[in-house]
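Quick one: the structure is below, questions incoming.
The first chain written gets the first letter, and so on, giving A, B and C; residue counts start at 1 in each chain.
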Amino acid sequence: MPEATFLDANELVINMGPQHPATHGVLRVKLRLDGERVLGTECIIGYLHRGVEKIAENRTYAQFTPYVDRMDYCAAVTNGMGYVEAVEKLLGVEIPPRAQYTRMILAELQRIASHLIWLGTHALDIGAMTPVFYTFREREEVLKIFEEYCGARLTTHAFRIGGLQYDLYDGFERNVVKFCDYFLPKIDEYEQLLTKNRIWIRRTRNIGILSAEDAIALGVTGPVLRGSGVKWDIRKAQPYEAYDKVEFDVPVGEHGDTYDRYLVRMAEMRQSVRIIRQCVERLGPGPIFGKVGKVIKPPAGEVYHSIEAPKGELGYYVVSDGTVNPYRVRVRPPSLLNLQALDKMARGHLIADVVAIIGTIDIVLGEVDR
Amino acid sequence: MAESAFKFVTATPLLLALIKILIVFAVVSGIVAYLVYMERKVLAFMQARLGPMRVGPWGLLQPVADGLKLLLKEDIIPAGADEWLFLLAPAISIFAAFTVFAAIPFAGNFFVTDINIGLLFILGVSSLGIYGIILGGWSSNSHYPLLGALRSAAQLVSYEVAAGMALVGVLLISNSLSMVDIVNRQFGMGVWNVFLQPLAFIIYLIAAVAETNRNPFDLPEAESELTAGFHTEYSGFRFALYFMAEYTNMVVVSCIAVTLFLGGWLRPFANFAALDFLKFTPIVAFLGAAVFVLWLGLKSSIALDRYFFMVLAAGCVVLAILVAYPPVLSAIQGIFWFGAKVLAFLYAFIWYRATFPRYRYDQLMDVGCRWMIPLALANLIVTAVGRYFWLSHHVATTVTWLGR
Amino acid sequence: MADEKKEPPKAAEGVGGGSLAKPDAGAPSKSPAPAGAGSGVPAAPAKPPAAAPPKPAAAVPPKPAAPKAPVKPDPWSSPLLDELQKRFPGAISEAVIFRNMPSLNVAKEHLVAICQFLKGPDGGAYTLLTDETAADYPKRERRFDVVYHLYTFEGNTRLRLRVQLGAEEKVASVTSIWPTANWLEREIYDMFGVVFEGHPDLKRILLPDEWVGHPLRKDYDILKQDEAWVKANLGIKSGQ
């Protein structure tokens, strides 16, 4: 045995990750422990840094579109949507309604898919093994729709600046409605497994409480913020596409704990189905491309555009100098800023809760590190 | 020749015991290997997937492949580990798990030995298994294993108490520590202990899951928290030993539960002559297995699988015919019912795993110390009082009357 | 980036249905990139083919861009701005609104005070710092922009603050006002080398601690890397 071991120390410092089953990729959390109680955490990120923002400066606006899919690879459609909308805003282009509704349908499907991954992995982290297989089964149906639409399942590159590359295939509406009908009962199935499960409640109630003030101060957005009781959804507050024309509710939590965030996301999936149904109804014929040229050359200027991605506010700050290359593209990833709240949420809890809290924040490291 | 050999064996207790031990060891090892397969299959079907399908027809050779793989892997000893203890620890675990089988009566006519303190022996030896876990976790000189080991120690100690007290209730009714006597007593009373000690049964059931480190109490190896818990640093065959020990422990606690609460090798309603037709269940079971296997085979699109399953079905039919032969049928009764009950228990273990999230460490202790131990204690007191005044005499006579 | 150089012939297409005055061809004189030259051909004021919206350029080959007036940010006026001018005279050098987003240039000395004011109820309760980032303009006298995007739940509006910094200048951290800024400022430090005074834990966040250089600066080539670090830590000659 070596002379001095960690057993001599009063405080145990342990590295969770970068290779760890519950850190959703390559997150490394340095935990300071007293027994199993967490005294402090420090997130060490950047293991997946690819310099996406630098790449953007060396590509044209259109060429950069596929790259954004690789950030939050669990929600490529919304990532792409945020970027193309930001550039459209810079160009000052309106896109036709058919394209808008198509985007909304795909984005909401993506939200469902992303939440399904969250639910499965979150439950798996807490030790419930089965939901992950059910959620992946349903996610598969979403991916099939994506695949039939644009040929890709994961990094879809579904949208183009100015509209859509492809019009919808025959039977798209039917497939989407079929999925909605199929999916709603499945949410009940997940809830049967978890919502009233005493162990699940004990593992999530009062765990990782984030008050509304703390959440806002820490820049937390998305379901995590709503779980803390702040009724703020960019789709409602500053509608983009045609979100102002559809009806949906913004579910909020009360206590700001892990259980509330779970409920919020479950409710959001139902709302997404609701939005999808309305969009399909309004999906009239028409052009799918706005008035954008082959070469995208926005005027000099800068925009900040953000959308409600499944994980929170996804913002793009695009600076143009009037050339075909963006001068600067900044991505405001929801995961990064939500992850910053981990320390606040995890302090004083046990190791097992850290895992639950990482799960409830719903991070994707591709997006955190970019 | 064969006859004289048989006489020699029966006349030499040591040799007889050795042969029995070999049989039990081989059978239990096989069962454990296929328990893993069963777990994977059952979980798979509960989770909308197929489970192992590649190695052999329906993945039936998967345990063999797994075993070979683990045998061939490098046996890593981490730098800074306490080498001796590190090597010894898995052996302790598996040793404790297997030794217990010496005192378990698989049937009225088949057990390795019947010691008059059988239950104490079982409890004592199976508790030794914890040393394997603690030493393994500690000697790895690594954070996660240490945390896993500590959790395990706390968990086992607290749940052992609850389980032990639950079992004492049974002892009070049975008047004996010998496992064979306990079963015989249930036969004599004509009622399984589970109906006399329902609370004890439930407490034991929960404690058993905790003691075997199974979901929802699988904290010592909670994958998402502690990577692999106490065996994080183990690889190759030493890891396999831990793995086997865990599954063997599942079989052990199931055997104990069946023996103590569910009438061991007795068939349901053993005292009711009117239900004697139940003794033909083994034949039906084998025939049913044949039909099921045949159905699987016909469904399969792979020619080799089809032949294999047909042969397997034929084998089942042959077994059914063999079992139908009256002497064999009566000889096999005990082991069949024992096996069926244990299987039901194991299935329940797997079922829990598919259903429940994992308790947190402090919640687990909370459940153990604040609920299970007081309840077990209350149960013990009520049983003692009841037995003193009423139960021993009264129920026994009523039940004997019923069974007539 | 050879592809851009091939683009110009097509680039001349004249952006989409040019019925709007807004899009396209930012000030040709300024555009430094070679591709930008394509739009410089000042031909007939080109009625763009409004009839065929989806694919305007492909059909009509060299449709030169209309020399429209470049899109310019408008000056911004609002009670909030007046209030700011009143309270912090001389602190705001520019106030414009572009694409519905007001943007203020703030002198760095007043930054913290202004942020504090904006966060308070009088300043519009900009309680959420949605983003903080930077941009590098090496040709400018003060090369860095540190950009803050604020949001107020009450007014449901966003506001952009901008602080211009010289190469060696430091700026005060706003972590005391919005704790969010912690990681964001670390990232800016990491990527641009801008130092924030009063930051609790200013160190690299995405890149390795020992990395030399700040990749999002414009003079950091896309193929450049810290060779020594790569060799020492990855054991390879180059990550490219």
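Observations
Keep this in mind: contacts are C-beta pairs under 8 Å (C-beta built on N, C-alpha and C of every residue); 3 or more make two chains touch, one makes a residue touch a chain.
Just so you know, these numbers come straight off a predicted model, no measurement behind them.
Across A-B and A-C, the chain pair carrying more C-beta contacts is A-C.
Core chain by CA centroid proximity to the global CA centroid: A. Per-chain Cα centroids separate chain B from chain C by 66 Å. With each centre defined as the average position of its C-alpha atoms, the distance from chain A to chain B rounds to 45 Å. Taking each chain's centre as the average of its CA atoms, chain A and chain C sit 24 Å apart.
Remark: chain B residues 43, 46-49, 80, 82, 141, 143-144, 146-147, 215-216, 218-219, 222-227, 353-363 touch chain A in the complex. Remark: chain A residues 1-2, 5-7, 12, 14-15, 20-22, 36, 123-130, 133-134, 137, 193-194, 197, 199-200, 202-203, 350-355 touch chain B in the complex.
Here chain C touches chain A in the complex through residues 1, 3-4, 7, 10-11, 13-20, 22-28, 30-33, 35-36, 38-39, 53-58, 70-71, 73, 98-99, 101, 103, 127-131, 133, 135-136, 147, 149, 153, 156, 158, 160, 178-180, 182-184, 191, 204-208, 215-216, 218, 220, 222, going by the rule given at the top. Within the complex formed with chain C, the chain A residues making contact are 45-46, 49, 51, 53-55, 57-60, 63, 89-93, 162-163, 216-219, 221, 230, 232, 237-238, 287-295, 297-304, 306, 313, 315, 317, 319-325, 327-328, 330, 332, 336-337, 340, 369-370.
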